[in-house]
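This is the structure I want to talk about, given as structure tokens.
Chain nomenclature is as follows: A, B and C, assigned in order of appearance, with residue numbering initiated at 1 for each chain independently.
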Amino acid sequence: MSVSREEVERMAALAQLAVAPDELPELTAQMDRIVGFVARLRALDDLSGEGPQPTGPPETLLRDDVVTPADLARSPAELAPEFIDGFFVVPKLGAMEEP
Amino acid sequence: MSGRLAAAAVQNRLAEADRAGLNATLAWSAAALAAEADRVDALPEPGLLQNLPVAVKDNIVTTGLPTTCGSRILEGYRSPFNATVIDRLRAAGAMIACKTNLDEFAMGSSTEHSAFGRVLHPMDPTRVPGGSSGGSAALVAAGVVPVALGSETGGSVRQPASFCGVIGVKPTYGRVSRYGLVAFGSSLDCVSVFARTVADAGRVLGVIAGPDSRDATTLAASPIVVAHAGVSLAGTTIGVPREYFPGDLDPGVRAACDAALLRMRELGAAIVEVSLPHSSLAVPAYYILAPAEAAANLARFDGARYGVRAPVAGDLRELYRATRGSGFGPEVRRRILVGTYVLSAGYYDAYYARAQTARRRIAGDFAAAFASGVDLLFTPTTPTTAFRAGEKTGDPVAMYLADVFVCPASLAGLPAMSLPIGRSEGLPVGGQLIAPSLAEAKMLSLAAVLEGALDPTAEVRR
Amino acid sequence: MIWETVIGLEVHVQLGTRSKLFCGCSAGFGDPPNTNVCPVCLGLPGALPVPNAMAVRLAIRAALALGCRVHERSIFARKSYFYPDLPKGYQISQFDRPLATGGRLLVDSADRGSVAVSIQRLHLEEDAGKLLHDRIPGKTAIDLNRAGVPLAEIVSGPDLHSPEDARTYLTALKQILVYAEVSDCSMEKGSLRVDGNISVRRAGETALGTKTEIKNLNSFANLERALAAERDRQIEILERGGQVDQVTLLFNAGTGSVRPMRSKEASHDYRYFDDPDLPPLVVGAGLLEETGAELPELPSAKRLRLMSVYGLGAYDAGVLASERPIADYFEAVCRAGADPKGAANWIINERGEYPEPASLAELIALVAAGTVSHQAARKIYPELAGGSSPRAVAERLGLLQVGEADALGPWVDEVIAAHPDEVRRFRAGDSRLLAFLTGQVMKRSRGTANPQGVQAMLARKLEGS
């Protein structure tokens, strides 16, 4: 089970990570090494015994439906790299797909 | 005015550590320290941790000092809210001393993956202090602060505690609120504590632990009350899992553990061998589950609403890819890619689902061992003493294997700690205690007995 | 060639809570941008979600109203994709363990009678923020007020067979959800959104054809038009031997045509996994019972009851039951003593602000007693706001009908005397002239005479001679 360059490129695209062409060979080799290591789990045939993960509470706590102030020490305007007229501002969508 | 005095003393020590090039801190200032001092001096009544300076790993958000997670993508980021643990520490009269250096986004076992340079081991600058909470461990080991907060996902406090010769305690998952801990592996992350004494670790843990209505994964458990008087190891059964003592275990580590076990026996403990048969699945399972959760947790860092934005002229997709491509370091990038891969269509069953199964088996092993009458498990914390910088960065898997003994308790969500049990060739060796879920108090009180009975600076005889 | 259309609808409704699904920010509509935000819905590092108990309750209520099975344990899952209106880079939704499955909604199809549409699933998820593409030139503006608002996603099976039925289904679904006070279901405000999946197949075939998805439909009418346009487009392709591509489409209301969405390449890989920040959502028997008890009488049950208890016809009962406040008002008016058919007529035909039930009941009684004419009542009705008495208004406006013989007699005699020709023709057999003569009396009385009384008196007097 080895990881191909095409797969690494596809994963990088899914994760919105730019990978320069000259980085791709080494990155592919590293990914292949890591995936090859964790792949020893594939010998585990038996997926039965499905159940919740062993950590944390058995059920989620819930919140009352009350509006509470955010109490932010800094506003969105102060956090944002670009903020105009009350809006966060980013470039045009361009090639980004609508989900 | 003792807050001001304590702050001044810490300030001197922080400055000294900077001069020595320890590189353990990412942010601190005289002004911030003075503000903390004034705040604790103004408290109507002294708290449980009054005037205690606490160093905080830089993946725990604070409104005063910046929070970078050791990453360029958050360089200069100032959180608009404080983590719950910060609020609780301050309410108890503690002072936040500084933010400490870490492997980027807590991903690493040596602190060599920080974007702001590695941390030096306080006893040997050519070696690593461990990671990811290396900065916190180093500051406590160097005596700059008495306690520090770190975080664990796969052993990131116990492992550096072992390398640096200090106490490192990970609570039961869900004991301490994660609200304000920048998420890496959400089902594994635990705010954890470094200290020079078991008592200090217990005090800090007691203050920060407890349910939080802002974190749905916290447990409604009773407070951690560590007994000190009248505790002994007599009548305690210590389990020794054979899988943690492989034939090729470092002889110095083995000798230190053997000596510690002998001491325990002398103090009245019964030592029994147990088996945790699925132990070898832990590191592979961890390196599927943690990256998978991390890939989603780090998707929010895109330069749109906060943090650093790459200066590109193109469309939004270019902005995201450039910001994330250049803002994340190589180890973070690898883990995001692995995490994306193991969750992707066609691979989920092969990797992620199987890792979940492995995790349940590992947790089952521990449960069976404790059910068989064992009070605590004892193992080496790390397979070796602190390795040299650069030794393991060439092969990611070699670095991952540094976590082999600490990672299983993380997967099972159990409380675990490392305490220094001796030296091997001058370097600290850590012994690990693992307790049943919610048994921190028992673990800490028995650890205190052991602490009193061992000399952590004694060179072991092989 | 006879083609069968197969349609399924995916509906998102905003649950009527005060705060968002995973944080305490206001879920209100129309506030200045980025003012209802906090670390959680901004996706700041270190923030964590905690679910809103009322959102869960409303979702359970919706599920029960749709006859679904509510699962004791359901799991929140992360749906990962990058888009600027999604602050965390993933949406918290539900995937393979949704809150509810297996419901049913009966739809009155014009062509097929009663159609049982299956509700495959109902689950909870958080909404995304809003993007504005024209607000700032050359840039995209992001408002995260809506990010984190609670939604219920309701997915029907492919059980609808015409665009009209799809519209009827959506209307019925909206009605039930408004009845149950789960959501205000306003397409204008965006609290009701629908995407349609549609395919065609030759009549008699059991396999489904390739389906396409139409998104972002913004009105009931456009839903119907878009589905019809797409059905026709698919049939046209298949009839000339082509193949339907599985694409996602947008409907252009202006041209009435559908077009593929820009750059829709491979389908998304959402990489679903259980959200580790949220332990399972557990719905105990107690909560289930309590929520079930909160359910009001639903539209179809109310319709049937109005028909049987009040003797109304199907159409009238349907109109009255279309909105709970109207049905409740109808019953209040009946309880105040009005005759049901009279009450139904008034309520169905009048709009605007309804008067106090007792006032309308009294007005209806006055008309029935002949104290005011029907026309006069329509003038009195608008004046009843604020609890005014109909009789007092009638007196004020001079609309009280004269019914006593003493008053009517002189007018009738005058008219008989004034129209000897018509009187003669009436007595000779032309019975239509009764209406004419009645009208003349009405004129002389300036409309205040009770027409039935006039007609009766005329008939008596003219018969006599």
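One rule holds for everything that comes next: a contact is a pair of C-beta atoms (placed from the backbone, for glycine too) under 8 Å apart; a residue touches a chain by one contact, two chains touch by 3 or more.
Remember, predicted model here, so these are calculated numbers, not experimental data.
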Contact graph of the chains (line, ring, star, complete, other): complete
Chain nearest the global centroid, as defined over all protein CA atoms shown: A
Subunit B and subunit C: spacing of chain centres that average the CA atoms, whole Å: 57
Whole-Å separation of chain centres (CA-atom averages), subunit A against subunit B: 23
Length of the line joining the C-alpha centres of subunit A and subunit C, rounded to whole Å: 41
Residue list for subunit C, restricted to those that touch at least two other chains: 39, 42, 44, 50-51, 82, 84, 140, 142, 144, 269, 271, 276, 278-279
Residues within subunit B bordering two or more other chains: 79-81, 187, 213, 216-217, 295, 299, 302, 304-306, 316, 320, 340, 344
Subunit A residues counted as touching two or more neighbouring chains: 14, 16, 53, 56-57, 60-61, 63, 72, 76, 79, 82, 88, 90-93, 95-96
Subunit A partner contacts - residues on subunit B that touch it in the complex: 63, 78-81, 173-174, 187-188, 213, 216-220, 281, 284-285, 287-288, 295, 299, 302-309, 314-322, 324-326, 328, 333-334, 336-338, 340-342, 344, 349-351, 353-360, 363, 395-397, 400, 411-413
Contact footprint of subunit C on subunit A as seen in their complex: 14, 16, 52-53, 56-68, 70, 72, 76, 79, 82, 84-93, 95-99
Interface residues, subunit C side, partner subunit A - complex: 17-19, 24-26, 32-35, 37-39, 42, 44, 50-56, 73, 76, 81-84, 86, 132-133, 135-136, 138-144, 261-265, 268-269, 271, 274, 276, 278-282
Sites on subunit B touched by subunit C in the complex: 60-61, 67, 69, 74, 77, 79-81, 83, 178-183, 185-187, 213-217, 292-293, 295-296, 298-302, 304-306, 316, 320, 340, 343-345, 348, 352
Contacting residues of subunit C [partner subunit B, same complex]: 39, 42-51, 78, 80, 82, 84, 87-90, 140, 142, 144, 269, 271-273, 275-279
